[in-house]
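Multiple structures are listed underneath, in structure tokens.
You will see two complexes here that share chain A, one where it goes with chain B and one where it goes with chain C.
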Partner chain A sequence: MAGALPLSKTQKLLHALYYMLLFIFAVFYLLPFWGAVTTSLKSSAEVFTTSPLSFPEKLTLEGYRAAFNHLKKPLLNSLIITAGGTFFSVLLGSICGYAFAQYRFKFDNVIFVLVVSAIFLPYQAILVPLFQTIRRLGLYDTVWGLILAHTAYGIPMMTLLFRSFYGDIPRCIVQQAMLDGYRPWAIYRRIILPSTKIATVTAVVFQFASIWNELLFSLVLTGYDAMPATVSLNQMMGTLAAEWNVQMAGSMWLALPILVLYIIMGKYLIRGYMAGSVAAT
Partner chain B sequence: MPSVSIRNLTVAYNKGRTLALDNFNLDVEDGEFCVFLGPSGCGKTTALLCIAGLLVPTTGSIKIGDQVVISEDKKTFVAPQERNIAMVFQEYALYPSMTVRGNMSFALENKKYSKEEIERKVNSIASMLGIEQLLDRKPAQLSGGQRQRVALGRALVRDPSLFLLDEPLGNLDAKLREQVRFELKRIQRRLGVTTIYVTHDQTEAMTLADRIVLMRDGKVVQEGSPKDLYHKPINTFVAGFVGTPRINFLTCDVSVKEGRPYFAFGQSALPGSQALAVTLNGKSCVVGIRPSDFMLVDTTEPEAIKGKVEVVEPLGDEIVVHFTAEDQLLVGKFSAADEEKVNERIAVKVDPDKLHIFDAETGDRIDG
Partner chain C sequence: MRQFFQRHPLIVLVIPLGMVFYFVYVGLAWNILVSLSGWTGLRVDYSFKGFGNYLRMLDDSVFWLSLKNTLLLFAIIPICVVLGLFLAVILDKGLKGTNFFRNVFLLPFALSFVVTGTLWAWMYNPANGIINSLLRAMGLGFLAGTWHTAQETVMPAIILALVWQFSGYASLIFLAGLKSVPENQVQAAYLDGASSLKVFWRVILPQLKAPLTTAIVVIAMYALRSFDFIWVLTGGGPGYSSHTLSVMMYRETFLSTRYAYGAAIATALLVLVLLLIVPYTYRTYRR
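Our next item is the complex of A and B:
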């Protein structure tokens, strides 16, 4: 590295040790993924004759084709549920966060604590009443049922996130917009949202990934019609016994959208994580 | 007709235990440049926020023009959006996502001006402030001084009925501050907009104001023209706050000789104005002497205060001399032409009519 101080021998040795340790950990964490990738590219026959970690002797997309046929509808369901759940939870959480960050009203702190404390409710604790509510609403086994559940469950976290993002916007900017004649809703649309695009991207990625990967709500709130891909993949284990290449290929299909999202949004995301440390002006 | 009338304005926090503003009353005349001056925490910004409608007072009423914007019973409250007030915040509060042009036209868009008219207004104010070349930049790409001008321009472009400025020069360096101060006053004169300006800097207040409202602990201590505050401060707080270098205070015992009061401190005594002889006889009081009211005299002169020179600060055409007399550190300001008279020791006199006499206990001014 240019400009860095020369290192002493002990320091060099320590550095080498650090990197070795990091490398070992990296291998350890990436091994299952590697196994999944190699297995997904093997034929059904080869899966049984070779080690899961070996490179495929003959590359084939057979597993991907089979997995896609199986997951076609669930993947579409997942996409609809995730898009809907992300859109509504981010939108509503952002509006709540705006109100809590920039306006003072009666019992605002009490209400905020109440809303945010829902983050600490474990999934399992609300599962039964949630199931009953969704069924009464006639939304069992519909994508809307899951969109509603994910929206409701996502709002507290999004509210907390957006309140801290919007709290970084100096109050005087909002006050200035008020004096310029704008109402709270217009200030939100024309000042707050455009000033915090990176925050919104961060929230979207966060919500998208957690809703896309979610299993328990989906398991309980859907039957066959609205089943998302996580549940469907889970079921493949029962129905497609030991067809490991197809199952691994299914996992790859499931991981693909998140991977693409991270690659596209990555550069914004890193800036988003640091957004709180820099003043908005 | 006064442009702003404030009656009994009180803002209380902590269930009335802390008063940010305590029964504040004020009339600002149409077109006047009024400065709220005071140390930090004196309530000047609180008063400004109440006028803007950004803070609802605990009690009190405010009238802007002939419109009551908040009534005593709080049944009338005009939202900040409806008050047609332009404000410049200390932090500038520029909209970070918009260009300079966007910032300046934002309020006009809301008022449904035509595109051409907005363009014309923005361009004319921008050229007045010398920021035309910045119109397509974002606030993050501007220097502090440029941001300050944009904030000012954004307020000016609106034709407000009232112009509020909260320490707008606070973040500028000394040179730029002086320049913008001058421009601000010139623009205000030209537009004739009633202006309320908040600052803790007495130089700003003295140079800009038609009228200064000096505040402390949420109360008005004294209001008047800069001259009034400088020449007739009503107590030691005002005398000490206004004027640079700071006024000299001497605690003295008064004795009357041949109908003339003498203010004794140490071995020295300052002769005072005869008019005060009866009121002051035998009392102890605080005498305030402006540094520029000291006159250099010959060291042999009787009744002169003799002192030892500590530090001389040359300011070009003037010199500021710090000297000790009777163990008290005093400051005098003299013409640079007199510099040769300032040696190791100096002697000074003060015109008896220029002494400011205050009660030693209450600090209030005593006039003859």
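Our next item is the complex of A and C:
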């Protein structure tokens, strides 16, 4: 509609105003990032003598090197935990979503509401039992402890997501396949999964981002060996309080996978945010 | 075994449903059990002590301060809703580059609170942080503040940063809502001679009820559970001034090893969440 007619003078003025507002807000949202990038590229000495917003007089990767030495192992831990937690929560959530979307069984609605209500769980309310469980299983300070926790608490959201995605597949297709002699899990593998690849990608991207970013469970369930990067960066703030270039570089290391994900797969991440919240309404 | 599986294919659901049942519902009951015990220190102790921890909580000024701060964080809801709606309306004008701006506004929401908390610590740093440096450079040095490092300004500082992080999400939700308002209704209203303000209030806004509820509930949940960001930025300080219930629970339980007392605080937080969520889910799933 907008581009079809030549714009009148007032419309042009209005558009200029809109762009100005968008630009002002873009500055507000990007300001902390700009400050972080410039600071991360300065030497420790320069951080104290120049404005945090000014471009570095002498570019240096000193901060990135120092932060990486600090975060090397935690980043690897984060990667393992995130990969494992994403895989299992997406797999189990997808199975649940399929069952709730395509089959009727006893108490299915009650069970579904109970599972999905857990999305709103304040994690503090299960933190002591979770801590005890993981300790008793001998999984404290192992990547498996966190993978288990992220899987269990990821299932509710994934169930909700997949149920709404799989609900879009017409019931008659599944019924026809059953008449043809396919069993439920053969239908899942041969019909449901291949026709909903976008749903799977959306769920994977969504879970990857939330597990990678998580702090509370990581803080409680790990000590030194399995410490993820979020905890390590948080500790760096205490030990390297004055080294702002290293801290900003550390933030950038931690943000890097998410930034890459956001740039190349942002569409799916946004789909995940939307599907999650729209399905919940 | 194989035959049983073939006859009851849905039996696989036992694994995920069992996990949710154990980690969520057994966990909640277990936590209440802990809250009624006298467990302090590293040695596990489930001896029944009654409601002592809850009584102690009601008598604890830190608890009331944490509750107040938790509710204070609800201030981000109206601010995010108004700002998000405002941005969504501009983004919905069909201008070129809209997607770019939408992605910029949403970027903070995608990142870890640990990253954003570290970034805002630098923003707010009183000595040579971004905000104070910017103010001084503009000749407004007298406005340079103490931000998250002083008791009086720490909560507003946290609220501003959380608005920064969540308003883009609100605008995303509203933008989708605006896109689903039928074009012909808007056109018809204009043809009837309604002003654009009136069209917005009478035609568009009433149809945004669903996204409005979504945005409010999701942001309220983040506000109630907010731990990560505050923990990274202030650790609950200075003093107790930025303690929320989730921060207080973590401190009491895992730093002071008062497990029973921490469990009681967690129960209080749970009650608060239930008060907010039950009416909402009831309405949603009644259909």
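Basically, the second predicted complex is superposed on the first by the 260 of 281 C-alpha atoms of A that agree within 3 Å, B and C clash if a C-alpha of one lies under 4 Å from a C-alpha of the other, contacts with A are read in each partner's own complex, and residues count from 1 in each chain.
Operating definition for what follows: contacts are C-beta pairs under 8 Å (C-beta built on N, C-alpha and C of every residue); 3 or more make two chains touch, one makes a residue touch a chain.
This one's a predicted model, so the numbers in the text were calculated from it and none came from an experiment.
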item: Combined model on chain A: chain C and chain B, fit or clash; value: fit
item: Chain B versus chain C as contact partner of A:Phe55, first or second or both or neither; value: neither
item: Touched chain A residues, chain B compared with chain C; value: C
item: Partner chain(s) touched by A:Arg183 [first = chain B, second = chain C, both, neither]; value: both
item: Centroid geometry (CA): angle chain B/chain A/chain C, rounded to a multiple of 10 degrees; value: 100
item: Partner chain(s) touched by A:Tyr19 [first = chain B, second = chain C, both, neither]; value: second
item: First (chain B), second (chain C), both or neither touched by A:Pro194; value: first
item: Which superposed partner A:Cys172 touches (first chain B, second chain C, both, neither); value: first
item: First (chain B), second (chain C), both or neither touched by A:Tyr224; value: neither
item: Least C-alpha distance (whole Å) that remains between chain C and chain B when both complexes are overlaid; value: 10
item: Touching both chain B and chain C, residues of chain A; value: 183, 280-281
item: Parts of chain A lying in touch with chain C, wherever the complex brings them together; value: 1-3, 15, 18-19, 21-22, 25-26, 28-33, 35-36, 39, 47-48, 51-53, 92-93, 95-96, 99, 103, 105, 111, 113-115, 117-118, 120-133, 149, 151-153, 155-156, 159, 183-185, 209, 212-216, 219-220, 230, 233-234, 237, 244, 247-248, 250-251, 254-255, 258-259, 261-262, 266, 269-270, 273-274, 277-278, 280-281
item: Of all residues in chain A, those that touch chain B in their complex; value: 170, 172-173, 175-183, 186, 190-191, 194-195, 280-281
item: Touch list for chain B against partner chain A, complex; value: 52-54, 79-83, 85-87, 89-98, 106-107, 110-111, 139-140, 158
item: Complex contact set, residues of chain C against chain A; value: 6, 9-10, 12-13, 15-17, 19-28, 30-31, 34, 44, 87, 90-91, 93-95, 97, 101, 103-123, 125, 128-130, 133-134, 137, 164, 168-169, 172-173, 176, 183, 210-211, 213-215, 217-218, 221, 224-225, 227-228, 231-232, 245-246, 249-250, 253-254, 259, 262-263, 265-267, 269-270, 273, 277, 281, 284-285
